[in-house]
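Each of the two complexes below includes chain A, the first together with chain B, the second together with chain C.
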Partner chain A sequence: MSKTLTLALMDAPYEKAASTTALRLIHEALSRGHNVNVFAYEGAVNLTMADQKPHANPVKGTSLEEEDHPTTKEWIGSLFELAENKGATLKWINCGLCVDERGAGNWIPGPVRGGPPHFVAFAKSSDATLVIPTK
Partner chain B sequence: MTAYLYIESRDPFDSADSRYFPDLVKGTRERGHKTTLFLVQNGVLPARKGSQFSDRFRELAEAGITIYADDFSLAERAIGAADTDSHVQSAGMDRLLDLLLEPDTKAVWH
Partner chain C sequence: MKVLNIVETAYRATVEEQDDTILWLSHNLKKAGAEVSVLLRANAVNYAVEGQNASGLSFGAKKQTNPVDIVRDIKDMVAAGIPVLLVAEDASQRGLPDDRLIHGVEKIPAGDLPQLFDRFDHVWHW
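Then we have the complex of A and B:
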């Protein structure tokens, strides 16, 4: 039976392992056909920014292709695809004020703008809620 | 009765407050709640066999607390099955998801 998991994320991409853990957990839930709600707060609104670009690594001397640098926008884009393929729902809300502060409004398709009341609504309608705070 | 799932992401060698977190975990169990501790990210570092935290894991396990460590985090830190504290079980995101979705469970990330 399908259940619903809500996550609140706060960390900006490329800074903490918590972002990777969260995406792994979302992947697991969607793979099993569960629905997932994400409320991206503070720096986490940058996870879905469309302007992210992979890069070469001048320290190692690797090219763009050799480095094959992953971006969080690609990972999250693939999670939206996974949800569709599994018949599950991935709802992703970026905190609007956090977006405005950071000028981070150019997103990949999927996320929508919202605020803390949406997180409360997510939590009330979910089977489980996990808040992953910044340190 | 409410079950509690504590997720420890911090390294006690780096974060002093991680030394008090097991007290919270044990105290919850002593109040009769089903209690699980799931180590993830740098939180798995004390699970290396022979670390100074071995006694703490034994104490928690003997109190009836199940202790897991994220397999991906263990592998990233070269902590193999033979190197893992005997009171700590390796588990993946599938197990964490199962624990989260158990009815009447409160999850706390540290």
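Then we have the complex of A and C:
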């Protein structure tokens, strides 16, 4: 029987491994058919920004193609596809005020704008809620 | 739904945000229907000290006219029925005397935390 997990995330991309850990947890949950809710708070709203672009690595001399630089928007977009393929649900709320103050309103398909009441609703409807804060 | 928000990191982004993001969130979770309590630990116990003043910041001609006021925010939370606690040992280790703490903030010994946690459906360590 599928369960529902809620995560609250705070870290911006390219800052800490905590973001990668969160995405790995989401991947594992969805892979097993569990539903996942995400409340992206503060810098975490930048995880899904559509304007992210991969880059070459001038230090290593690798081209754009060779570097295959990851973007969190692609990873998260792939998680939405994984949810669909597994018959699970991934709901992603970007904190609206956090979006506004960062000018981070242009994001990939999937996430929706929300706020703390959505986080409360997520937690109430979940089997477990995990906070992964920034420090 | 009873939630204990544990705040550990002090003054993170308070200049830009004009508040502590987790105190702000706690206030909003309360408004959204959650029964929220806040536990201050580590350096965040300083949030409970009276007399803080973050005014006076300016960059070039741009002045910060509405700076963070953590004392006001803590007092507003207490007035709103949000219990605010702090870890007693964390306060004493930082030399914070009882007579400088905001009225209404409750000190709790570290040894009593497991019993405190048992009273909540969710314990979220921010």
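To be clear about the criterion, the second predicted complex is superposed on the first by the 135 of 135 C-alpha atoms of A that agree within 3 Å, B and C clash if a C-alpha of one lies under 4 Å from a C-alpha of the other, contacts with A are read in each partner's own complex, and residues count from 1 in each chain.
Convention: a residue touches a chain if its C-beta (ideal position, glycine included) is under 8 Å from a C-beta of that chain, and two chains touch if they have at least 3 such contacts.
Here the structure is a predicted model, which is why all the values come from computation and not from measurement.
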After the chain A overlay, clash or fit between chain B and chain C?
-> fit
With the two complexes superposed on chain A, say which partner A:133 touches: chain B (first), chain C (second), both, or neither.
-> both
Angle at chain A between chain B and chain C, C-alpha centres, nearest 10 degrees | 60
Does chain B (first) or chain C (second) touch A:124, or do both, or does neither?
-> second
Figure out whether A:115 sits in contact with chain B (first) or chain C (second), or with both, or with neither.
-> second
May I ask you to decide whether A:21 touches chain B, chain C, both, or neither, giving the answer as first, second, both or neither?
-> first
Would you check which partner chain A:42 touches, where first means chain B only, second means chain C only, and both and neither mean what they say?
-> second
Thinking of the overlay built on chain A, is A:64 touched by chain B (first), by chain C (second), by both, or by neither?
-> neither
Is A:50 in contact with chain B, with chain C, with both, or with neither (first, second, both, neither)?
-> neither
Quick one: minimum Cα-Cα distance, chain B versus chain C, in the superposed arrangement, integer Å.
-> 5
After superposition on chain A, the chain A residues reached by both chain B and chain C are 129, 131, 133, 135
Would you tell me which residues of chain A are touching chain C in their complex?
-> 8, 10, 41-42, 115-117, 119-121, 123-124, 129, 131, 133-135
Would you mind writing out the residues of chain B in touch with chain A in their complex?
-> 7, 9-10, 15, 40-42, 70, 72-73, 92-94, 96-97, 100-101, 103, 105, 107, 109
Interface with chain A, chain C side, in the complex: residues 1, 3, 8-9, 12-13, 21-22, 25, 28-29, 31-34, 122, 124-126
Within their complex, state which residues of chain A touch chain B.
-> 3, 5, 17-18, 21, 24-25, 27-29, 32, 34, 127-133, 135
